[in-house]
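Both complexes below contain chain A, partnered by chain B and then by chain C.
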Partner chain A sequence: MIAFEWVVWLILLFPLAAFVIVGLVGRRLPEGGDHVVVGAMAGSFVLSLYVFIQVLQQGGLGGGFAPQTIQGYVWIPSLLPENSIKISLLIDNLSALMLVLVSFLCLLIFVYSLGYMHEEDGKPRYYAEVSLFATGMLGTVSADNFLQLLIFWEIMGLCSYLLIGFWYSKPEAAAAAKKAFLVTRVGDVLFLVGVLVIWNVFGTLSFGEIQGKMASLYPNTLTPQLLTLIPLLLFGGAVGKSAQFPLHAWLPDAMEGPTTVSALIHAATMVKAGVYLTARAFIFLVPLSSAVQPPFTAILVIAGIGGFTTLFAATMAVVNFDIKRVLAFSTISQLAYMFLGLGAGAYIMATEVSRGEAVNSAGYSAALYHLFNHAFFKALLFLGAGSVIHAVATNDMREMGGLAKPMPVTSRVMLFGALALAGVIPFSGFFSKGEILSVTFEAGSEQPGFYLLYALGVGTAFLTAFYAFRLWFMTFHGEYRGHVHPHESPPVMTVPLMILAGFTLVSGLLAYPMQGFGNLVFFGRPEAGFPLVGIPVQDYLLEGVSMGVAVLGLALAWAVYATKRVPAERFTASARALDWFDRKVIDGIVNGVGRAGVVVATGTDRFDRQVIDGAVNAVSLETVRTSLRLRQRQTGQVQSYAWVVVLGLVVVIALMFGLSFLQRWWAGLGR
Partner chain B sequence: MTYVLTLLILVPLIGAVIAWVAGTSHRVTKLIALTFSLVETALATFLLLGFINPGWGVFFGTPTATPPPTAGAYVPLYYMERYSGWSQFGFNYIVGVDGLSVPLIWLTTLLTTLAIVFHWDQEDRPQAFFGLFLFLEMTLVGVFMALDLLLFAVFWELVIIPMFFLIGIWGGPNRRYAALKFLIFTQVGFVIMLLSIFALYFNSAGVNAAVYGTNANTLDMTAFLHAALRHQTGALATYLTVGLQIPMFAAFLVGFLVKLPSFPFHTWLPDAHVEAPTGGSVLLAGVLLKMGGYGIFRIDFGILPDAARSLWWVLAILGTVSMVYAAFVCLAQVDLKRLIAYSSIGHMGFVLLGASSLTVIGVQGGIFQMFNHGIITAILFMLAGSVKHATGTRDIPELQGLAKVMPQFSLILAIGFFASLGLPGLNSFWSEFMVFVGAYGSPNLGERSSAGSRSGRRAWRRSS
Partner chain C sequence: MSSYGVFLPEAILVATALASAVLGFAWRKRPDLLWAFAVIGTSLAIFITLDMMGLGIGRALNLSVWPSPVGTQGNFAAELKMKVDTFALFFQLMFEFVAFLAILASRGFIRPEEPHQGEYYALMLLAVVGMMFTAAATDLFVLFLAFETSSLSTFALVAFRKRDKQATEAAVKFFIIGAVSSGIILFGISLIYGIAGTTSIGKTTTDLLLLRNGLTLAGHPEIEPPLIIALVLLIAGFGFKVAVVPFHMWAPDVYQGSPTTISVLLTSASKNVGIVALFRVFLIGLLSVQVDWVATLAILAIVTQTVGNVVAIPQRSIKRMLAYSSIAQAGYILIALAVGAIALQSSPPHTDNAAYVAAFGLVGGMLHVFVYGAMKAGSFLVVAGTESRGIPDEIEAYKGLSRRMPFMAFSMLVFLLSLAGIPPLGGFFSKFVLFSSAVNAAVFNPWYLALAVSGVLNSALSLYYYARVIWYMYILEPEVGTAKEAVPRSIEAAVFVALAIVMLTAILAVFFLGYLTDAARSFFGF
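Let's look at the complex of A and B:
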């Protein structure tokens, strides 16, 4: 039980209030109302922490905390009370943790914005939109049902659109905003259809109630096909939001927005919503009841897309020179890891369910653990990149280099971030990424396809270390190649960076006091152990492999970009081909679909003007012509009029007979 | 017995006459028009409040639900008034409102007031201009509360007159063509509709006898509504046969589809919108289109339910085609007003789809969609009007970069268009969601639309 339920509502209401205040009167507040926004977010963070501590105190570790629904408002009442659509919040281990994570990162990035956005015009607009975004993200992770999740999800999408287009007078920014909105909307439509299907099958959208009804509805109402379709539709939404192949094209372009937005929305929080949604969709993937056959097809699709995207995006990151685009592709790749972990974990759990064994939620925990860790180190990398861009006024890494000397703090914290991203022990990425790979390998014993996905994952781990240090060496090592005189950023920017750098170490090790992250965030039943499960020897080997390839990648990056002993082209040629494929083919398809829409629209418009409206005008024109012709018959000769009168009489008599016959026939038909 | 409904008809009528006759100066005319429209809005607001919670409507006395003429009949109508002085001709003055009409009446009064305020700087013959607006308000309110078929037909026809002159006199360069097109389209639809009204009259004696115990032909809609409902519940054995209902349904439907408008009867709408003055567009899209939806729900569904059950697919197909077709045509538009006009056609497709589902939530969604669309489209047309006023053009490509110079305008435009696209959380999302839920779960559509919903059908059967 949460002691004061309204506290949970306040977590959402604080940033919402900040949005309203800054949106309405921000222009008149000093500095565009930035302190209102930071203050509201700090309040939200403190309350989130309070809720989280309460959850822990009531046995959150080890599964002692019963998920609690905080009843809210009945939005659409229904004839059946249990069918009405409510707006209410859910507090369980996962959502309590996500609330803390989101509010903390929002707070740090808002503080950083005080420095980064200091000289921008339109600050009230920026602060109003990021506050609304914070409301959206906090609402997404605390939603009690799929519809409410969708609403807050779309609020985030709206803010993402507005913030990518923050510099809307730049044509690229406006185009990127449009692209982001439209491409994610493709996924959102699938999500909406999924919500409709769920509503139709279950008559409810709340996570808890769906889980309860699962066994009783299967297999008559909830057919196996539907059980496959529902998670796939939800995953469709996740693919759009989390920028997975083939809907990933919007995320690199979204880097046109301010770097704080990239860090907050397109790395740390919003793009994670897809992973969060898929985690919530576990109630369909792993029914936790031996009576329900789990949908293996959907699980394989999720894991497959994750496995493919992770390698695909990593190769893109290797060949880009724009520091933010590198990080964007890296985000896609890391998110794909999470989907791979969710898929592999779900596969293991589903086989255990179908055999009637106790389930082991290692993959689920590992994926969310990676979500948690990645949020910190990727936010750090983006904000560090922002600090660099702030100093050298360019995004191009070819015009950087040697920045370690003028920017000591930034270069050090970026090193922390790169080590965490590469997955080097004891930085956080090591624990969660290694665990995802172990689970994938383990799933291989049930379904050999996972061995292939494991291989893709290991290859990605190598590439990840390579591009992470390629970025670091190109930026901070060697000679400065730029033109602007670089300088270190002010403390308001570097302090959040240092806090985040601390977390790249701490967030991984946090699992120790919890006796494993799986003890806190789990599906079904908790798992104690470090980092997730009581580790068998095989796992040490697997962790060693992922660590080993990371070190190899790091070494190669050092050889190529720091010492320049190995020419870069030799390694990037194949990646360049993939990059070409991505730019020309994938992006070409996206743009082609858009262009096809325009062609169809133009055609329909022409049809509307010429055929439909043309017919309308033709009828009226013909009426006028006929009347003109008939006018000529008005000759004034009495003889011809008399003939017409006789003819008319005949017609009238015929009509009378005909109609009475028709009436009799019709009456007979009606009977 | 309260007189609030009659008052709602009389106030704008009196206002129209006074504005026309006593409008000695432009300023006085505007003040008169504004006063009367505000009074009307206040009355409608009390009506709405009283409908939501009878305790709040004490201003008019307690709502008078129709006394069930015979036991077992129940049509929930609030605030009904009936004068039967002329019933020997089959005509009664009957006005009444229920949950379908109250929001539409409120919307009408609200949008009229806003349109009058929007045209505050109207200098071209304001007496006639504002008089026509108030007259239009009277006719629209009348359509939504008339419960006698003849009264309904009269108000339906009267609506055309002020709108015809508003477009034809104060419209854009091509106004004569647009006004005439509007007139002929709706007139043809009305004439076809009139056939069904006659048919209903000549088949009404039995219905009248069953409900009111008078064996005479009548145009009283309440008789039909009661009888249809009792027939549905099995309390009344004989009602209009299906063979009779189907042609009546079809003829009414033509009139309503033209008004709605639905593909392929929609081409009058973009022309009328482009030429109409802003306030005219607001009322045209905000309220006039709803007359079609209102007619479908009140008459096609209320009086002819058996035909609705066999002809639902016509609505479903036309609704879906309208949505997709209008969306594509929208994409090709350059004129902001034409774009909004086509988007209206698409949104009205949702009304048809919700109606065709024949489920409670689908029909509710359709009604809700009418109200929400009225709000959104009013915002958008007013914005289109003010952008034309401020920049002299409505061509979208020429309007680039407005956010810098007109930030508040851009903000409201963004809100309006996001609401229009059904962004979750904004108003039209809810109605469209309800329509989708209804359509997906419909026993009609689910059966045919996808294999996946076969189970949905089963679930529906179980719940009903």
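Let's look at the complex of A and C:
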């Protein structure tokens, strides 16, 4: 297995090496070193695919693959060897799948960048940063412990900041970058606190070891309160990274970055890290031991935030005219679906565990299935939007229209993306979104609140279809309203688009040969003793409902934007009110908190300046004074130095005698 | 490789030294050839040492250097021995490496027309040979002889520019205080010999233990008073080399006065000779009586850190500031000595926590010695580089250095931040291991926490004066124009090597942590 271990390490090392090379000598390479980056990513993808196939072959279906820790080295040694923190990678079903997904999308988007970024200055910077980002994302999904995950997570945060502000001379871009960095920081702090709490409770940060220690530590060391707190803190990190309410404000602004960055980081990969983290937090949410009472409160919070955000963000998407902002709000909404699915799934699993029944991980796999599908169709939509923007040099959909003729490929692949987003059979979104909704409905029989969340989810499905086709019709249908002469993008951009469009069809059907997606992202460990099943909920009525609302939304969009039979204002008025609510009230609250923070900060600043600094200054003044006095001892005369040596000898001898006397006296006392 | 083969690097260095002394006459007009010769000799020695480290050679060798000149009756047999174990090899590599940096930079620093270049390289190499033998010595007399070899060579090196008044003054000071210290060491050694009846470092510890227990049980007068005086004399004698407060007064004058390449050798290598001697003598030879010295050494460590950092603050000369900072750094390394003393509490299978903590502390000490060597040598080399362009040795003169010499300024920035212990540089990593070993040692005696606290607080304090230099280099505008100035290639190369080590240690340390742990464990005999 030596070869296998090296392969896993190489997946990370390829993009890292590309980052180092392009970062150091990119300016001297032709085209800013883009081929180095693409080549490294291709290598990474091939190796990821190899690992994925190995995992499937060795384990087969049904989670037969025992999670394998690729031992690295001890990073922070500790007195107790088991407490030391190791850098090592974890390969299990979930991480193997994520590695393939991430490296494949990175590869496609890097290829697309060859065309899209062709005329940009600062290409070496761009390519170095995206390579570092790829390293961060691959590291995040293959980390074996929470600390390592946090480190790579922060690397991604840094790259996101740098890339949003890629056009740093534009004030909006710089402000958006700062906003993204600061808002996600709130979540990161919660995540960090969560990691510290985990360390304090478990004495380890490795996923596997935590799961193993769970039953023995409960309920004395790991009190029920702590078990609720830990997943919530981790979820706090996820809320920041995945732009969930109330930390969602940064993602629409992040669209100031290049569209490739929006596609890669702010749609397909980085924002999914929050979902991934929450999926990893399932070891806390669903402790596979009937002795441990699962933290139902934490689960409800996750599902609730997911359910609320999904509708909330969808309404925002309905009223925006900036094509990228529509997609950004749509991303928030779709991510919220995943959290809803995770929450509902966790609720069902937790009740089954506490009853000692067989555990059905359908919700878990449905959410990750949606993650998988969404990565493809949202990357496609963003890249398609990029292609459009490339052609018409504006983001505003009011200045587009009728682009289907000059841009046949783009318009067709975008149609695929919109169908997948809307959830129309047989496109991928239909399967995973339907499954999430079915699981949510099923959870309603355990906890009636889920019926409300299901209603929110169905409403969102309607809005999703509406805004997806609003976007498509406004862009590609009707008369061209812009000024620039549009043209189709070069093949280096359209080929990745076509590949992605193919995947919107394939990725949904992929679950069938796998007998359910759950077999790919198996949760739990066979040795846990619980029979685990991953049977998707199959309720044709529910599926029919979600399909039906999607078609309704599509039809409404057709009526409003294609045939113009219905005036748009009537339907967008209510959404506009919500938009106003978001801008005035939510941003107002955020700003109010910010202002309150400023007031508090002014107070602490004054305290800091006058009390702390005063003390520090007094200390430093005294230190400087002492040091000046000490310097005067340094006369430069060798005689005086010799004297000091002799004096020092006497002092040290006295000291040693004194200490030895003290020790003996102390020992005497002890007796 | 015959058993003497473990001294191959030393042999090469001696040969290079002697040859360059002779060739100095022949190549009086071609100092560059002389320089190349010394560089090649040193590189060869480094290469062989590295090879031996990789093979783990010499771990078992316990070599009699020459037949005992003293009687061999009973307990009083004197075996003049050396042991080239993994621990010694690590320090030897360190010494060779610093010498390599100093020699590499010499071509740009020593003007071609300066006289006595043959002697310059010869003395430098001989000093290194003395240092390397010190690291390998397992007998107090051998240790003393090796120690003196390195000292005498460095005395002469400081006075190498004999028309330079400041340098000559520094050399005289160095020599007088050094001579006093040699006397003090010798006195300490003779007292130990008188008490324990042996000069073998491995034996003294058991002998002292037996002797003390025997005497105490029998109600004899205790051996404590002479033992304590001997301990203090040894601390003072070796502490002079390390510049432990209060035996540090000479150091700033000498570091400032010497030619800067020699300052590199003195601060980074010569100082560590004292450290390795302290490790050997106290952690092996005097381990059994650690109860007498640990507290004192711990207090000296804290005092040394604090005095070094406090006095560094008002300095106006860069070299003096660096000298005081190196005093403070030595204080950090002394923590390893105090933590290493825990080894006494470990019992034979040596898998217990005491063995772990002691080894961990020593690993921290070794790591810090290594990183400290690189960053201090690097910062003095930067000074050598700026001096070579006529920039005076004043912090004021570094105004806007980032514009005039971007690479030098950047390197200085990295070295200073690393000295202050900012992650992810090497200095952070080694300090982290060092301080956390003190935290771990608190399991045995809560007072050890004081060492860690003092280390952290002192690191914070030190940032004050490091940051000031950075402020001068990067924030302030240069007074003499922003034209770029070239630094001699050889100095740049040496700075680059040091820079690479400081920047990569934190990442690459994992690869030799295993080696260091092995070395520390074999050092203690675990």
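Rule of thumb we're sticking to: the second predicted complex is superposed on the first by the 572 of 671 C-alpha atoms of A that agree within 3 Å, B and C clash if a C-alpha of one lies under 4 Å from a C-alpha of the other, contacts with A are read in each partner's own complex, and residues count from 1 in each chain.
Basically, contacts are C-beta pairs under 8 Å (C-beta built on N, C-alpha and C of every residue); 3 or more make two chains touch, one makes a residue touch a chain.
Predicted model only: the values in this text are computed from it and were never measured.
S.K.: Pick one for A:Trp6: touches chain B only (first), chain C only (second), both, or neither.
M.R.: So A:Trp6 meets neither chain B nor chain C here.
S.K.: Is A:Val74 touching the first partner chain B, the second partner chain C, both, or neither of them?
M.R.: In the superposed model, A:Val74 contacts chain C only, not chain B.
S.K.: Which partner chains sit in contact with A:Ser169 here, chain B, chain C, both or neither? Use first/second/both/neither.
M.R.: The first partner, chain B, only.
S.K.: Quick check on the superposed pair: does A:Leu649 touch chain B, chain C, both, or neither? Answer first, second, both or neither.
M.R.: In the superposition, A:Leu649 contacts chain C only.
S.K.: Looking at chain A, which partner touches more of its residues: chain C or chain B?
M.R.: Tallying touched residues of chain A, the top partner is B.
S.K.: Output check: A:Trp665 vs chain B and chain C. Expected answer is one of first, second, both, neither. What do you get?
M.R.: After superposing on A, A:Trp665 lies clear of both chain B and chain C.
S.K.: Taking the contacts chain A makes with chain B in one complex and with chain C in the other, which residues are shared?
M.R.: 75, 78-79, 620.
S.K.: Which residues of chain C touch chain A in their complex?
M.R.: 172-173, 176-177, 180-181, 184, 224-225, 228-229, 231-233, 235-236, 240, 245-247, 249-250, 252-253, 291-293, 295-296, 299-300, 307, 310-315, 353, 356-357, 360, 433, 440, 443, 461, 464, 510, 513
S.K.: In the complex formed with chain A, which residues of chain B make contact?
M.R.: On the chain B side, the touching residues are 181, 184-185, 241-244, 263-264, 266-268, 325, 328-333, 360-361, 401, 403-404, 414, 418, 423-425, 429-430, 433-434, 436-437, 440-441, 446, 451-456, 458-459, 463.
S.K.: Using the touch rule from the top, collect the residues of chain A that touch chain C in their complex.
M.R.: 73-75, 77-79, 620, 623-624, 626-628, 630-631, 633-634, 636, 638, 640-642, 644-645, 647-649, 651-653, 655-657, 659-660, 663
S.K.: With touch defined as at the start, can you tell me which chain A residues reach chain B in the complex?
M.R.: 75-76, 78-80, 147, 150-155, 158, 162, 168-169, 192, 196-197, 199-201, 203, 220-223, 225-226, 229, 597-598, 600-602, 604-605, 608, 612-613, 616, 620, 666, 669-671
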